[in-house]
Amino acid sequence: MSDKPKSQTVLVVGGGIGGISAALEAAECGSEVVLIEKAPTLGGRVAALNRYFPKMCHPTCGLEINYQRIKKNPRIKVFTMAEVSGISGAAGDYTVTVTTTPRFVTPACTACGDCATAATSEVADPFNYNLSKVKAAYLPHSMAFPMRYIVDASVVGTPEGQAIKAACKVGAVDLDEKSDSFTLSVGAVVWATGWRPYDPNKLTMYRYDEIADVITNVEMERLASHDGPTHGKVLRPSNGEAPKKVALIQCAGSRDLNHLAYCSRICCLASMKHAAYVREQYPEAEVDIYYIDIRAHDKLEAFYRKAKADQGIRWIKSKPSRIEKGPNGEPVVCGENTLSRDVYANAYDLVVLATGMQASAQPPAGAEMDEYGFVVSEEGVFGAGVATGPLDVSMSVQSATAAALRAVQAVRS
Amino acid sequence: MEKKIGAYLCSGCGIGEALDVKALEGVVSKEFKKPVKSHECLCGEAGLAVIKADMEAGDVTLPVIGACSPRVMTDRFMLPGMTPIRANLREQVIWSHPAGDEDTQMMAEDNMRMMMTMATKVNQPVPFTEGEFSTTILVVGGGYAGLTAASEASKAGHDVLLVEKKAALGGNAAGYASIVPSKPPYHDPQPNPLPKLIEGVNATKSIRVITGATVAKTSGMPGKFEVELSDGSTHTVGAIILATGFRPYDATKLSHLGYGASPDIVTNVEMEAKLKAGKVTTKAGSSPKAVAFIQCAGSRDPNHLPYCSSVCCSVSLKQAIELTKADPETMVYVIYEEMRTPGTTEEFYRSAQEAGVIFMKGKATKVENGSGITVTVADELLQQDVPLGPLDMVVLATGMVPNSTDPDAPAQEYGAELLTADINPYPAEGDYKPEPSVPPGGPLLNLQYRQGPHLPMLADGFSDSHYICFPYETRRTGIYACGPVRRPMDMGEVHEDAMGAVLKSIQVIRNAAQGHAVHPRVGDLSYPKINLNACTKCRRCTVECPFGAIDENEKDYPVVNPTRCRRCGTCMGACPVRTISFDNYTVEMLSSMVKAVNIPDEDEEKPRILVIACENDAYPALDMAGIAKHQYSPFIRILPVRCLGSMSLLLISDALSSGYDGVILMGCKPGDDYQCHFVKGSAMAKERLSKISETLKSMQLEVERVTMVDASIADGARLPKVIDELVAKIDAVGPNPFKGF
Amino acid sequence: MEKGPKAMTRTLTYYPGCSSQASAVHLDKSLRAIMGPLGVALRDIDDWNCCGASVGHIEGGHLANSALSARNLANAQAAGPEDIITPCAACYLNTHYVNESIRGSESLKKDLNEALGAAGKSYDGSLHVRHICEMLVTDIGMGAVKAQVKKPLTGLKVAGYVGCQTVRPFANTERANKFDTYDDPTFLDDFTAACGAEVLPFKLRTHCCGGSVSVMSPDKGLHLIKELLDEVQKLGADVISTPCPLCQTNVEMYQPEINKRFGTNFNIPVVFYSQLMAVAFGLDPVKDAGLDQNIIKSDKLLKM
Amino acid sequence: MTISPTPKRAYDLNFARYVYENIDGGERLRMCMQCGACSGSCPIGKQMDHGPRKLFMMIRAGMKEAVLTSNTIWNCVSCYNCVVRCPRKVPITYILHDLAYLAVQEGYEPAKKADNARFAKAFWWSAAKYGRTDERLVTGKYYFSFGIGEGIKRGLGNQAIALNMIKTKRMHLGMPHAIKAKDELQKILAKAAEIQERHGKGA
């Protein structure tokens, strides 16, 4: 960029681990940063994970540090429930329109919880991938940032809504809040909109919608989380019992020209982690991992070795061709074991589909994209984290740190 | 400016209902003789106005706020002047204990006492900003990673000193005919970006390139590194990027795969050279009609390299594609165990299949060289041994060995704690018991640090971070590794990684010059100050610092390098004579906070247990216990610390001698896969604690009174149970005889 | 309905297939009966020939086997540009595949036209070959079907058996208007529901009956049919409904043999969806629906 | 159709390449990544000696005879489950059919004996001769391909079924169904065969 950028502000779109990291790294180099997130809280996908591979540590630990960094850094402005609705201009001088959806709770909220006490109806809990319900006035989760409640739109205009409003001693409930929009002038945009799990209903041969005990890997994370729908116990959705036989199916959508043509990179290791959850909770339980190739790079190979050393885990090189419903409604995984030529039909208490990653949001017009929807642009709008391709957490942060530098370079005056 | 303390109590969020706020006010006004005000919503506009008014009037310079956890409303209570001190009355008192209960009230009052005491002890920190700070970035290694770092750093406005050992720039990448695609189109090999990059670097004035030189010596600290090169020249730089790349695994160790048996059995590096030369021919001079690639040649093999070198699969795909391009009739085989083409590289895999490359899953069990080469493959998909041959060439896909040492430099003593088990990502598993491996060679930077000349590395020899959320975490502040010396990675990732390292360098330069700490205590202005008059030269601080921030001078006295320091306080906790302190964090301060608590008499049957909690994980976990309304014993008193590493044993004896019945230490998991944010703070605390029994014996106290528990941030539900159990256990031992002394 | 669909009748080219003259006459009969009310006039392909089914290829080879379909396509095109619809899974599979191959491969188009040339014929690949069920779903719609129902088949328990080739490998492709999925197609149940009958949750709906393998080597295929019948019996179905001629024949005609081999007692009527529609439309159960041509009669259906 | 080359050694690609270039859908075979989704999808996969997945690996391994004498190519029920599930879009069913044709052309024993081969012969005879397949004639011819005795035996074995079909007017007696322009069709088929011969291609 020859001429000076008109604005020195960096806009980071997406408040997951990628966006948070990009925002902090840039701000700690002195840049003014605006961070917007469409959900009611920062944290994105990682906030909903129980543990990280290979350390089996908790994502909230790193988030806590990053939130502290944000809280103490006046250069970062955070907007939640906000999305980019338009970008015009060019590198160095963008005008961005941001649209917010109503939270019905103002910043005056002290997170005391009186509104939740007043709420009577329940809504599906998005944080738990709708595996459980929450009160219609709720804190997104105990590590939410900002630590602020949200009132579900369903109670607006109802007597319950009024009761909720009345319950708030600081008058932070505003049921008249409307969707709003404002514009920002920024010099560079970091696009860190992350990923969404591939829709398991598209894998019709696996009967996700039909068989209760067929779940996805992201749902498994919630089941294993202390603040999840089962308080950390891995249980069969069908009957709430402990599973004795569990199947983990790799490449559920990934590496498949009918679905996702690319490899999602993380699923193999995530499944080893899931095997560990099960084996930790139920030492007697058997876990079968169905795979095409096990992809455990660099030192992650050590994590694979650990899993292989566990006699309770069986490795079956096979892409299961279908899941049938057994006589008692249990999932029966069918396919061919390619190393033994056996054609199998194995019944399980629980089947976890390792669904892959899909880019979750279209980048703004003009930002270069690859055929899979990942951002590859290197001018003005910079991709960060999984918006640039399937990455694990440390690679996302690596990518976000690089994006932060691109932004810092772009807004240099 | 004179420090004026004023307390503000919030009665909102149920505090007013659960506690006797008037009584709390009494604690401040009567016991501390300080002004105190309460409000029904301190964090609201009106509430904040009350505090601001007093501060603007000059009546108060340091507010003590008794309200919610310091983890929330941080921005709103960020007032001009000294950072307010927060007493956690909500999450850790009324949300986790019964309302209107005598013990709950006592807990709240003690919280106020502790925080009021803290207020009297803290001072506004004076940052370290002495002397000149350099903004130049030293890049060590002139390969693709180093060149990228240099060029990106200059684009960000920094002067760069690029040092390359060889006579010419380029490193390994100079030998690449083409590269694996990391940007679309993902289908075909892409041109090597190196030549253009070198051109650019040479043409950039702000980049000074010195080839044929290595780093002889490095001393100093971020913003003030003093670097001496092998050519005798000396330079002052602000930050250092280590981009020394990798060396291919020594193929002579792969005789079992036929290396050396025939000139037509080559490594992927040798094959790349042939491709670059433009024509691949066998020793006999003919172009090969049948070529086999053997994957994992050395990698993923406990006898050679325990890790996966990540790039070998896609490199073989690339070379296979190039071979079929040169001659579509050539039969190319790839013998693999796991085909590892993550992300969009999967498309590159399909591309090689389209080119007709044959993939055989199995192990190459024998490589024989007779009339043509024959590789015996234990083909797992056909479940039979396949004699693959005659082949004209065999390519061994050898892996990466990090240049975390200089193979040509004489080996040097490591520094005792460098490769301790707590950074071993390869804990023994079943038959697999790896030794930490240091690539042969000497130090690259030859750090003149008390803790040794090397940049610390993980047990597999890579100079990588152990943190998932913080890949650029370094145990030598201001020195950042990038590229294959950090982790096996392909060119595309190297580019990203180099940029990341540049960002971190710019960041440390900027923060060092302002006297700010870098991650995780970003912006902390305090740093350890040592009163040498009291120092016993015991060297604990210089050995225990997780970041090697403290050296020793010729008289063996400790010398702090403030910009290396990360403010965890491990040195403070290590010092047996309380002679290390921060402006706003001292053993004396913590000790008086402990003593500020009222210890009821034995007959009141109200034990007091001190909980020393790491403020990064244990403290938030206790907050979350409160948010979830989990209840636990009101007999504990929580003392937050920067890191358990900053806990001095003296704190424990102080607590016990002043009548506490027990002490619980809550810190992050040490050892393998440690979770301490300061690498080994909690490990140090654990080690110190192993010596507590003597102290207790000398005081004739039971060992049960002191326990350390690993606490993670996700333990909100678990900690209340742990606390209640330990309280019961300590209670069972009986009251502390020192009560009332 | 005053201005019934007849008002907007449209013509489509019809390829009945060999089974329409033999094992699946009742499919052909009932289809011709219901198309009128649904506003479709059928114009048969002139002098249509066999499609080669799933075995022609093996003896004739890819090109000769494709030539069979090519001739039908040529004759159809000579008569007009209308879409070709066919009720037979195999006819659909082959004709659609050859047609799409011609559209996708210039060399195949050239070869086949050279072959057609031997009889002075040609085909340019411009037609669209569709399965009648897809046409019913896409063009007609269940609303229009319901509108024709005069005698709802209330209380009739129907297990919808889709089989293979009606949906695989094309149902979920653009050229098949993505009319249904491969693993749990719903169109057949929609037909049943439209007729006012009770839809049973038959989870083996896309399992294979063995196709021609069951015909030529019962030992290999009969167990597949038995599994189907077991499930149907569990569900307590009055009839099995299917769109596929071979499925209908296999599942129906082998029941005595299966009973003999496996000691079962199956006697479950297997009808075509079109027979159900004919009855529901109030047409003659015999003359129009051809219910008398089912080996196992459904009295319940006959009495409706 | 030209005879496909017989490799001299393991993993000699000339047979594989022949299949890639000459078998209907064969070019996609290169994309197979041996996941097993096809063999797992097959309703009678257990009755196959190798199953499609392994058969494809054998093609690459140059095991021509083993491939063309495998029962896998004769057991395909044409359910197309494998085709719609293959993550690499390999048209498996089509390939198996064309491999069967290749086996017939090259006169391998199973290609003479297999039920499917005999049935195909009878079927094609009817389709080519009359332009239509008359189920009665086809089954009849198929049964007698096992010899008179066996033919009668099989015929009688299915008497009950035949009677049922006749009763319900689904099997007619008398002249076989035929198209009008038989000669025309035969010209077309002859030309097609000639072209096949010309470029030695099944496809």
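Think of it as A, B, C and D in the order they're written, each chain with its own count starting at 1.
Criterion: a residue touches a chain if its C-beta (ideal position, glycine included) is under 8 Å from a C-beta of that chain, and two chains touch if they have at least 3 such contacts.
Keep in mind it's a predicted model, so treat the numbers as computed, not measured.
Shared contact partners of chain A and chain C comprise D. Each chain gets a centre from its C-alpha atoms; the one nearest the centre of all protein C-alpha atoms is A.
Averaging C-alpha coordinates per chain and comparing to chain C, the farthest chain turns out to be B.
Across A-D and C-D, it is C-D that has more C-beta pairs touching. Taking the mean of the C-alpha atoms as each chain's centre, chain A and chain D sit 49 Å apart.
Between the CA-based centres of chain A and chain B the separation comes to 24 Å, rounded to the whole angstrom. Averaged C-alpha coordinates put the centre of chain B at 66 Å from the centre of chain C. Touching two or more other chains at once are residues 205, 255, 317, 322, 338, 341 of chain A. Counting partner chains per residue, chain B shows two or more touched chains at residues 339, 381. The multi-chain contact residues of chain D, meaning those touching 2 or more other chains, are 33-34, 54, 81, 84-85, 88. Chain contact topology: the protein chains form a pattern that is neither a line, a ring, a star nor a complete graph.
This structure has the following touching chain pairs: A-B, A-C, A-D, B-D, C-D.
Remark: chain A residues 205, 251, 255-259, 292, 317-322, 334-338, 341, 343-344 touch chain D in the complex. Chain B makes touch with chain D in their complex at residues 331, 333, 339, 349-350, 353-354, 356, 358-361, 379, 381-382, 386-390. Against chain A, in their complex, chain B makes its touches with residues 12-14, 40-41, 43-44, 68, 71-75, 78, 152, 155-157, 183-184, 186, 300, 306-310, 338-347, 380-381, 383, 425-427, 429-432, 458, 460, 462, 464-472, 487-489, 493, 495-497, 499-500, 502-504, 506-507, 510-511, 518-520, 522-523, 616-617, 620, 624, 627-628, 669, 673, 675, 677, 712-718.
Chain A makes touch with chain B in their complex at residues 17, 21, 25, 28-30, 50, 52, 54-66, 68-69, 71-74, 108, 110-112, 139, 142-143, 147, 169-170, 225-227, 231-232, 255, 261-265, 293-302, 305-306, 309, 317, 338-341, 370-372, 374, 376, 389-391, 393-395, 397-399, 401-402, 404-406, 408-409, 412.
By the touch rule above, chain D contacts chain A in their complex via residues 33-42, 45-46, 50-51, 53-54, 81-82, 84-85, 87-89.
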